[in-house]
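What follows is a set of structures to go through.
Look for chain A in each of the two complexes below; its partner is chain B in the first and chain C in the second.
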Partner chain A sequence: MRTAPASAFGRLWQNERFLSLALVTPALLTIGALFLYPLGFSVISAFSVEDSGFGIANFTKAFDFYSNDILFTVIIVGISTVLIGAFAIAIGGYLTMGESPLAVSILKWLYRWPLFIPFIVAGQMMRTFLAKNGLMNNMIVGAGLLDPSQTTSFLDWRGIVITFVWKQTPFVALLVAGAMASLDRSTIEAARNLGAGRIRILAQIIVPQVRPTIVVGLILSFVVMMSVLSVPLMINAQNPTMLTVDMAFRINTYGDYGVANALGFISYAMTGFVAWIYLRQGVRQGGAP
Partner chain B sequence: MNTTQKAAAVVFEKVSKAFGSVVAVNEVSLTVEPGTLVTLLGPSGCGKTTTLRLIAGLEMPTAGKIFIAGRDVSLLPATDRDVSMVFQSYALFPHMTVLENVSYGLRVSGMKKKQAGEKAEAVLAQVNMPGYGARLPSELSGGQQQRVAVARALVLEPQVLLFDEPLSNLDAKLRRQVRQDIRELQQNLGLTTVYVTHDQAEALAVSDSIIVMRNAEIAQKGSPRDLYEKPEDIFVADFIGDANVVKAEIVRIDGEQAIVRVGVIEIPLPHRGLTPGEVDLAIRPESVQLSNGAAGDALAGEVLKATYLGGHIEYTVATPVGELFVIDPRVHMMFSPGGTVGVSFAERGVTLVHP
Partner chain C sequence: MTGILRSTAAAWVPRGLILFLVAFVIFGPLANMLLWAFTEVWYFPAKLPIEWGFAFWERVFRPQGNAMESLINSVLIALTTVVIAVSVSIPAGYALGRRRVPWRGIILVAFLLPQAFPSVAVHINVARIFYSMGLAGTFFGVVLVHTMQGLVFSVWISTAAFATIDHELEEAARNLGASALRTFFTVTLPLALPGIMASGIFVFLLSLDEFTGTFFVGVPDITTLPLLLFTASMEGNYQIASITSLILLVPSVAFMLIIERFLKADVLAKIGN
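The block that comes next holds the complex of A and B.
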């Protein structure tokens, strides 16, 4: 049987390669225009030197002025990440193995609230809560545990860590609890049957099985915390502070985009390192990360 | 390993378990003698798995008492009972090697790693899995995973071993082999074993005793032979193997015997507490005997269907008391559909049943 020759447009349209390219083009253009171009521009700017073209002068200045802040940022975000992991595992573990249905329901209802509160609101809440004459100290003084003169402000590195942990734990707990809920429950019952207590089951049976999800949740959290400006600005803008505050300061005070971009590049290198771990994790799982 | 000395009796005294308003187990009383294999058999939702979980301590009874080796364990958590369970899905820990899986219970009990590993290796050899210790569960076949699950349960030398539908994930051929292995292991070690299944053939093959459950209660308990040949009621008769249930009449009671009329035939059967009048009669397919043409002391039948199955022939025969399903081992002679046959009954496999 002979068929009528297809039109040029028809042939083109039938070409799968063209179709798939047409489908992916808007996404590629968006990534290119809104991500790759600004990123490339900022990297070039970071390595640009006014007189001699390219060089590392901005990085030298960034390390001279802000090496303490770089270290401070890594420590703050690192401690927060560890604490978020511990709390998320504890919440997920209780939701999976808790024996009081009422307590499980209350926890399930409560723990997600911070997810819906923006960082800047969380920062403001913590200013009110953690200040020397804030709500927390007032409660402690009211309970007769401390004199007003003995109270101290938590509006320093501890405040940043508390805010990050409070804000990010629900996100990781949501992922981890979901992964724990999808485990084969008989493995938990088998461990109980073999004599293991709840803590041991959590540590030896549940956590190893959901480790990829925990790692992914913590890495995403790490990246978010690295990029938050409002929390360190509101809670602890004094020295040392986080890199996001330094970047804002270089731009707003000096219009120094070169050093700001160098600091941005350093932040990006840190998050890039953990993103590499994240991607490697995705490949190991055999699916899209 | 000497498990025989540890084998213990399991006793239920009017044990009930409710989940909200749903009663899963209702006032069940039973005894599993030391060193025997008892099967809990019944359809889905009858309460057999809940009963098993009550023994394991994975569920707590709402009422009643459970004794293991004479000790009241009713409210004792699973971690404090000397009971090991093989789960339906095997429940192997996927992130641990076979050796780590098998030695896990020993490590939890505080045994040193080396000693636990040696003991685990010995039990793996016992279930014909030597040399598999370094593999992950995902690298094993279903049958091998099942053996590892058994080894993990056995290594603790439990007082009671529990199996929750252990063969349901295996293909038919492997199922036969594994059930023989389980029975052999249980007999060699003299383990008290409770086995849950909904497969009556599996239950008949492996059990010392069978407990048939229906709607959260025990319908009947006894030896496989008793249950097959003397089912109490229509449910048990129908659940344990195939049964033709026909209407008959007790003409008179003569001592322990009832003279039962089925069509034109009168047969003596144990009366089982039934009185003269209309009754139900359960007849096993292999207890229906076919002969050429209608004889005087046989029912007249017409062959509706005949299926040759190699080892036997299956017939559907229309008779005055209803259609009968017949299994005839005489494969050398075959009655053709539409032909007339005489239908009589063997001495065994015919019993009066309660409605």
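The block that comes next holds the complex of A and C.
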């Protein structure tokens, strides 16, 4: 005779769907309460107007005050994304096709370091390194390449771009190099035997095959750069500055959640737009013969 | 023969130059931070510190100083975050990795969402909600914000860790008469433990380095190392800022160097699947 499950607990354990959901519930509730609820809150607050319910007054004010900063943010994050992509492809390409094993292993050891360094630490390092009398200018002057009077501080939009590229390139390069390493080598070898140069092989054979990885890495980096508050605060908090700084300013100085959340919604929209481009491209590629 | 030698030597000129440039770009900022950490006096136009020393280290590690308080806060917050994140992720990872879960894809993506939205706007609203609940400026409030961000790592990595375990091992234990719970605790969980430890390390580092959420939720009562670093840097106290940077840097680099031991390739391959 087959014994029945001993307890109510035993019966629940055997109800596959119920138990699985029950096991996932604590983690899901955490995300729901700590992320989805505040996210909904931010969207509602962005479209709320005092006294009169819903409206776009916060957005009009946000565009009136901060349209320069919105543009500034788009330009900085855009330039950084392009540079990160270019450097990541260059690093991945050299790691895949480099002719000197020694140079390849040196580069492999070198390029990962910033990956392990927190943004706030990167911000502090760049704050000292890129200053007018920072180590970068001191070394260039010391090498006799520049006169002390010609040096300038890079602590402006360039500093933010440099810090972002410095910090995020290893992350994308790591993904891209991994994808390149798992490619079928025979087409690369065949192209090389036919006399194709390495740059041409990289551009025409390797990059098209790892494009999805590059794009995913760049989108993730884009979101990270849209989220970082410490770097723009530490490198360049003057005008114009990035949207993250404006949001913090609206809250800390005026307690103005409406405009801050409108700016937040604009930053969601910017990342959403980038993700949409990616998805559309994916559909088009999938539909191609 | 000499021709070959000469051509390899010639190839090393551009190669060496580029590698040197890469090294300069990567280690230059690090070197500047190290210099500041051991500087007593350094002002323009001196190219290197004028006086070196440990005076600021003594100030940072003075037991009653606020640097020690931030360090202790940071470590306690990170440890509590790990405990909470890992304890909700073990059942979730087990279910997602080994059992049939309805809407599994959507559930996995839900944990990724905090990384997919620009986080400042979410954090200001978390702070506002916490304020109305009396959680703003509290230890537990900061822990919750860090947990929310860490869950993607702990859930995804433990899901992958549970998914790589061979089903036959569990079946063998069940056939020998072990109960489902006993099988889980004596067979499944120990096998998944390296992956779970790796996820705990990720969450620990994330919490240790977290700035934005703490900036909005913790201020002014909870100061962690990143906030101390930020304040010191904005006040122009580069020595304290650089020493704090160094304290934050050491565990990150050390853990990342050993993470490959914990995170085996078969687990890595299953993350996000």
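Everything that follows uses one rule, which is that the second predicted complex is superposed on the first by the 246 of 289 C-alpha atoms of A that agree within 3 Å, B and C clash if a C-alpha of one lies under 4 Å from a C-alpha of the other, contacts with A are read in each partner's own complex, and residues count from 1 in each chain.
Going forward, contacts are C-beta pairs under 8 Å (C-beta built on N, C-alpha and C of every residue); 3 or more make two chains touch, one makes a residue touch a chain.
It should be emphasised that the depicted structure is a prediction, and the values quoted were computed from it without experimental measurement.
Q: Are chain B and chain C a fit on chain A, or do they clash, once the structures share the same frame?
A: Superposition result for chain B and chain C: fit.
Q: What angle, in steps of 10 degrees, lies at chain A between chain B and chain C when each chain is taken as its C-alpha centre?
A: Angle at the centre of chain A: 90 degrees.
Q: Look at the residues of chain A and decide whether chain B or chain C touches more of them.
A: Touching more residues of chain A than the other partner does is C.
Q: Considering only touches as defined above, state whether A:Thr96 meets chain B (first), chain C (second), both or neither.
A: In the superposition, A:Thr96 touches no partner, neither chain B nor chain C.
Q: Check whether A:Phe116 is in contact with chain B, with chain C, with both or with neither, and answer first, second, both or neither.
A: A:Phe116 sits against chain C, while chain B stays out of touch.
Q: What is the contact status of A:Thr187 with respect to chain B (first) and chain C (second): first, second, both, or neither?
A: Touch partner of A:Thr187: chain B, not chain C.
Q: Now for A:Tyr257: first (chain B), second (chain C), both, or neither, which partner does it touch?
A: After superposing on A, A:Tyr257 lies in contact with chain C but is clear of chain B.
Q: What is the contact status of A:Gly195 with respect to chain B (first) and chain C (second): first, second, both, or neither?
A: A:Gly195 sits against chain B, while chain C stays out of touch.
Q: Based on the superposed arrangement, let me know which partner A:Pro208 touches: chain B (first), chain C (second), both, or neither?
A: A:Pro208 sits against chain B, while chain C stays out of touch.
Q: Please work out how little space separates the C-alpha atoms of chain B and chain C at their nearest point after superposition, in whole Å.
A: 9
Q: Quick one: which bits of chain C touch chain A in the complex? Just the residue numbers, please.
A: Touch residues, chain C against chain A: 11-12, 15, 19, 22-33, 35-36, 44-45, 47-48, 88-89, 91-92, 94-96, 99-102, 107, 110-111, 113-129, 144-145, 147-148, 151, 155, 180, 208-209, 211-212, 215-216, 226, 229-230, 233-234, 238, 241-242, 245, 248-249, 252-253, 256.
Q: Spell out the residues on chain B that touch chain A in their complex, using ranges where they run on.
A: 56-58, 77-79, 83-85, 87-89, 91-95, 104-105, 108-109, 152, 156
Q: Which residues of chain A touch chain B in the complex?
A: So the residues of chain A in touch with chain B come to 184, 186-187, 189-197, 200, 205, 208-209.
Q: Quick check: in the complex, which residue numbers of chain A touch chain C?
A: Residue list for chain A touching chain C: 10, 13, 16-17, 19-21, 23-24, 26-28, 30-31, 34-39, 41-42, 45, 99-100, 103, 106-107, 110-111, 113-129, 133-136, 138-139, 141-142, 148, 166, 220, 223, 226-230, 233-234, 243-244, 247-248, 251, 257, 260-261, 263-265, 267-268, 270-271, 275.
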